[in-house]
Every structure is written in C-alpha cells, then in structure tokens.
C-alpha cells in the first residue's frame, strides 16, 4: 500500500506555534485577544471548508450559512433556554454537521459549477431566511449573548502567570484556541488516514476512485457533513466572541471570505487555513490602519487605499496572489521560489507545449 | 385579468433585465467554462458610467450606446490584464479571481461614487399605454424593447456573421480553431467585451428602477444565475428564455403570495435548486453536469 | 530548389519526455509524402511540431521561411492545413459552419464559390447535411468534412493525421482516391501520416519511416513497396 506523499510533519514547528498561541494573550491587550480569537475561529471555519474543497474537491460558496446556523443554534439555546454556553457548542456543531451531511446528498448530483452557484445562492438568501421566524431568531434585531466570566481556577492561574485579571475576552480566546487545536488535530488525523486518502482520490478523479473501490458518494457527503460541523463550531464560537449576532452578521461576503482564506492559505494543507484566516481577517484591518501609517509610501497611494477601503485592496491582493501564487501561501513555501515561474502559467501546459484535446472533438 | 396581464408584462420587463445579465454569464461560460462572478458588478459600474455621462449633459439615448462601447472596451481590458495571465489555470483559481474582481469593482465604485443611493432618471415616461383595453406601463415596454433589440443584435452577430462564427468556434473548440487560423486569444477577449457590453444593458435598465448604488446588482445576479441555470448554462437562447420565465414567476409570486417581500430572493434560490434536481441540464442545455 | 516544407534535425517532446530525436524530412511542392511508423514512433508529434502544437528545436521551414516562434494560427495562415488526430471537427457547429470556418480567411469570393462546388462534388453527403449539426455525422463523414474544410482553406500543404483511422475499408479507399484527386487537380502538397502503410505507399511519391523518434528508412515509395525486407521490418507486411 502506497504511503501518501505529504510533507513530513514538522512537530517542532507545530509545538512552537501552539506555545506561541498559548502564551500570546498574556502579553497583548484584551481587545487584541478578542481579535485573534476571531481569527482562530475563522481558521476553524476555513479548515472545514478546506476539507470540503481542498480534500474532497467540492466547491462551496455558502459556508457562511453554516456558520450562521451554528451561531444561531448556540445563541438561541443560551439566550432563550438558558443552556450553559459551553454546552451549546458541541450541540450546535453536531446539528450543523448533520444538516451539512444531508445537504451533501443532493449536492452529489450537481456539477462543480452548479454546486458553487447553489451554495452561493444559499449564502445570499440565508439572511432573509433568518429574519423570518423572528420570535425564535430575534429577527432583524438579533440576539445578545452574555459573555461568560472565566472560571475561578483558570482565572487564578492566569493571574499568577501574568499578574493581571483575566478578562472575558481572554477566556473566550482560550476556548477558541482549545477548539481550534482539537479540530486541527482531528483534521490532521483525518487527512493522514483512510478518509483523507479516499477524499483525495475522489478529488483527483472520481471515476478512477470509484473504480478502485472508494465509496465516492459516502465520502463526499461525509466531507460535507464534517465541513459543516467545523463551520457550525466556528459560528457558535463566533457568536460567543462577538456577543451579538443578527442576520447581517453573516452576509455573502463572509462565505467568499472563507473561500478566499482557504485558497490563499493553501488548499489541502493543514497549516493553510490558519494562514488564510490570518490573511482574511487582518488584511481589511491592515489596509485601513497600517498602510496609512507608513510614511514612506507616497500620499496618493495611502489615501487611495484608505478611501477605497478594504474592498479594493482585498480584491487587488486576491487577484495578484491568484496570478502569482495560486497554490496559496503554503504552496509557495512548499515548492519554493524557483518554481514561481512555472505556476505563473498554470498546470504546466504551456511549458510542455502539449495541446490537450478539445473535449468536444470527436 | 387586467392585473394579471400587467404583472406578466412587468415580469417580462424584469425578466429582460435578468436575461441580459444571464446572457453575459452564458457567453463567458461558453468561452471559458467558468461563471464570471464579477458580471453583476461590471454591469453596475457601467450604469455608473452612464450616470456620469448623463450628468454631464449627454442624453440617455446617446449615453446608452457610448456606455456599451466603453463597457466593451472595459471587458476586453479586464480579459487581457486579469484573465489572460491565468488562462490555463484550474477553474477554481479563475473563480476566485472573478470573486476578487467583483470585490475590487464594487469597492472601486464605492470609492468613486460613494454608497449613497442615487436617482437615475428613466428615459421612459411613467405613463401607461392602452393596448386594446389593457393598460401597460410604458416603462416596462421600453425596457422590453431596448433589451430585446440588444439581444436580437447579439443573436444576429453570433449566428450570422463571420466574427460571430469564429467567436463561437474559439469558445467551444479552441484547439481546432487555431488550426483553422482563428486567433483564439483575441476571440476570448472579444467574448469578454461582448459579455460586458450586454451586461451593461442590464445595469442601465435596472438603475432607474432600483436606485443606483454599488450593491445594486447583487440580488439581480442571483436571478441571472437562476435564469442561466434554468435555461441551461451553455445556451444563449436558454439564458433569454430563462430570464423571462424567472422574471414573470417572481413577479407573480410577489403579487399573489402574501408577505413575499424579501423572500422573492429565496424564490430565486428555489428555482435554481428545483431545476437542478429535476432537469440538471436546464431547458436547452446539454450535459452541463460533469464531463467525465 | 528548396522543398515546400523542410524539417531539419527536429527534436521535440512533451515536458521531460522527448519524442523526436532529430527528424529531417522534405515535402516538395505539389507532392505527396507519407510518414509511417509504429504507434509512438512520433508521427503525430512531427505534424504537431510543424503547426506549433509542440515545442521543438532544430528548424522547420515552410516556403523558405522558418516557422520558429510563430503561433499556430499564424502558421496555418501561411498556407498549411492540418487535419489532426481525431479530425478536429467543431461538433457544436453545423456542417456548413465548419466549412465556413475553413474559408473564413479568404478574400477571393469567386474562388471560394468554386471551391465549395468542388467540395460538394467530392463529398455530396456534406451538401445534403449542410444545415445539420456536425455531431450527427458518422466517422467517415466527419473525415470528409475535415478534408473538405481543409480544402476550403486552399492550402499549399495539407497535413493529414491518420485519415483512415476507424473507417471501413471501402470508405478509406474512396477518401484516398479523393486525396489523390485533390493533389493532382489543385496541386496541394500532402504530408500523410498513416498506420495503413499499404495505402499510404500507394498514394505517395516519397516515404519516410519513423522509428522511436528517428527516420529509420526513407526513399521513393515505389521502391519501398517492392523491398520485402523493409516492408517486413518496418511496415509489418
């Protein structure tokens, strides 16, 4: 049986990253902790999307809707039924996962393009759908979520280490971090064992995979389910982190942001979603704050960037990265600068000069 | 009965708008096998250009063709600068690029014109015309007429001219076309230009109805997708028919179903999903599902 | 006098795989030259190199001018019609539209009309099926369409890649008769790649036999036809 050729796990690097994130909130402000918590939460959602797109090859432009589902389930349980918030996270995640799995069944029949369109439409429509049952969801006004205080044990530990009192935001950061670590570890295991292999086989060629005995339908729907599970977790955590959700919290642009993060970080990789999340979350903020403060840039550039807002810079950076590094940051790092030129032309076709046959040519 | 007819005609007018944008989507899909998610934003941008021209004293009927020409040029430019470098990249990369383009164009429009909705005067009067006892809105008829003319012109171009023939050949059979001396690369650029010009019509027809602002086309494009899917993503005729059907259906739904409001959009989604379940190839399409 | 088409020490391949290892051949103006060899010998690659579908080194000259650095569509516009493996029929278009594509570059309307007449004389079935989608044609009819389309380009040289492939023997015979007739009447040179060595030798004046990317044998077709050892070793009969 052939070993899957992946990069050898660099355990030391993982350890460094984990320690970094563990210790991080002790040195930064509470507000920054909240921001980084959201970046981690985004990373969880992107990892879920990555499993779907990168590993099983199905495209979804509507994962924001799954996040919304997770968020609302948690919020409603906590707010209306007074369930302890931490308990609502797995409930929301599992429910969303099941729904995702069910969604995966009709999705089997759609070509990649139509799947993209259907999920895109889902993302556009979901805010309207959420508004409807307004007794349950709070309609346009949304739901407020009370942010829990850190439990005494943890709080004391934190104070001993840093000398300051732990805030809600910092506690929430650690919750998010714990979930992220767990789910990333889960994804890593998944990718190394049979499910991962099966999904990659499906992604690379369904017919061949089926011919090799892979249960294509089963794994594809499973991928949908798992990926929705992740998105649901992320949504639930997101509600906790921001303290308030409404139909407008989950617009189409969120779904697009998730996909963009997945691709830019690097599909079918484990570190990719984290890098992609950091990019997706901090770029809009950076372009608004960081760029104008760089005095060495000419005035015209900074003012254009500042006024045009995140949208333009986002779009430009996105396009540039797709042209020059379509395998994402991880891809760039993995294959090295020497190969940059080859990727510039895509799939190596032009380099070899080989003409692929027209699909319609008899 | 009168009301029903009015709704149908109104629906056809709305549908004509969807049809124009859907046609633009189909043109690019045929050329490149991908859906241009930026099509709506490009149409919006064109509408803003028309708005600016009109504000500088140009009459609507001059600004209209001028904007179409500018949109044509813009489409070619975008293809040359943004798409061509990644021509042979996998579809996912191209999809992301169109998404990036959409964000970029939207932001750019916001940057130039801001997000406050503007009033875009309609070139048609708001009177009603009496057609054999049925009163039809002149505005609706105008939209139908103008869109119809443009769509007809595109049809004639594609089916009955040599340029149209080489465009179609380059879109569906790039390698074979090269061997026949067709400059496939230029044809792709032309396709983008044409799609952009047709999409611009959609934008200019919508602006008087919806109020001109950067996010104007975001719901329209969903309906355009529904129309393209309904008609069969590869079929230009399907796009037009699909657009008209979607327009009529949601108009009727909006009137006869109580409290429809913003659920009309969900209706659009419903159409997409229903079609994909019942007849995945759409009305006129062919093997739009995976080619193994 | 320089030949119409000259290949000089051409090497070509796909990525890391090299297929042609120095092929030299000539197609004189107005003549029929056949290129034979087993599967994988490089026959198709040779044709692709000529029309720019594959990167090559060495030199390829058409009417004295090198084809290096020219994109496919420009090479074709110089007067080379290439009917590829699989025929390259535009199945999304009608028969008539396929034909029009062949003629679309030409300015001489009167001559185009004459060529249409001639094409319909050779292939009456195409006239019958003008308005139908090209995808409705049978294999043999598609081959005819491909040839007709190439003819309408009024090329100086036709590259034919395995025109007999998948066709019934009777159809093959009639198509080759037409190719012979085309060559005689319109003075179009033909570089014919074939697996059916017998019929290719019959049609052509000169023959090159490729083996693993090199020219193993070449000479007058008539002589090769008579040479039993060559036929046994290289042509399989």
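Chains here go by letter, A, B and C, matching the order in which they are written, and residues are numbered from 1 within each.
In this section, contacts are C-beta pairs under 8 Å (C-beta built on N, C-alpha and C of every residue); 3 or more make two chains touch, one makes a residue touch a chain.
None of the values given here were measured: they were computed from a predicted structure.
Distance between Cα centroids is largest for the pairing of subunit C with A.
The greatest number of inter-chain C-beta pairs in contact is found between A-B.
The chain closest to the protein's centre is B, with centres computed as averages of CA atoms.
One simple way to say how far apart two chains are is to compare their mean CA positions; for subunit A and subunit B this gives 31 Å.
Taking the mean of the C-alpha atoms as each chain's centre, subunit B and subunit C sit 43 Å apart. One simple way to say how far apart two chains are is to compare their mean CA positions; for subunit A and subunit C this gives 53 Å.
With touch defined as above, residues shared between interfaces to two or more other chains in subunit B number as follows: 172-173, 175-176. Residue positions of subunit A touching 2 or more other chains: 355, 357-358, 360-361. Of all residues in subunit C, those touching 2 or more other chains are 53, 88-92, listed in ascending order.
Within the complex formed with subunit B, the residues of subunit A that make contact are 53, 59, 106, 109-114, 116-118, 120-122, 124-125, 128-129, 131-132, 206-207, 252-253, 256, 259-260, 263, 267, 304, 307-316, 318-319, 322-323, 326, 344-347, 349-350, 355-361.
Those residues of subunit B lying in contact with subunit C across their complex are 162, 165-166, 168-169, 172-173, 175-184. Contact residues on subunit C toward subunit B in their complex (touch as defined above): 51, 53, 71-73, 76-77, 81-82, 84, 88-93, 97, 100-102, 104-105, 149, 153. By the touch criterion given at the top, residues 29, 34-35, 37, 82, 85-93, 95-97, 99-108, 110-111, 172-176, 218-219, 222, 225-226, 229, 233, 262-263, 265-266, 268-269, 272-273, 276-277, 280, 288-292 of subunit B touch subunit A in their complex.
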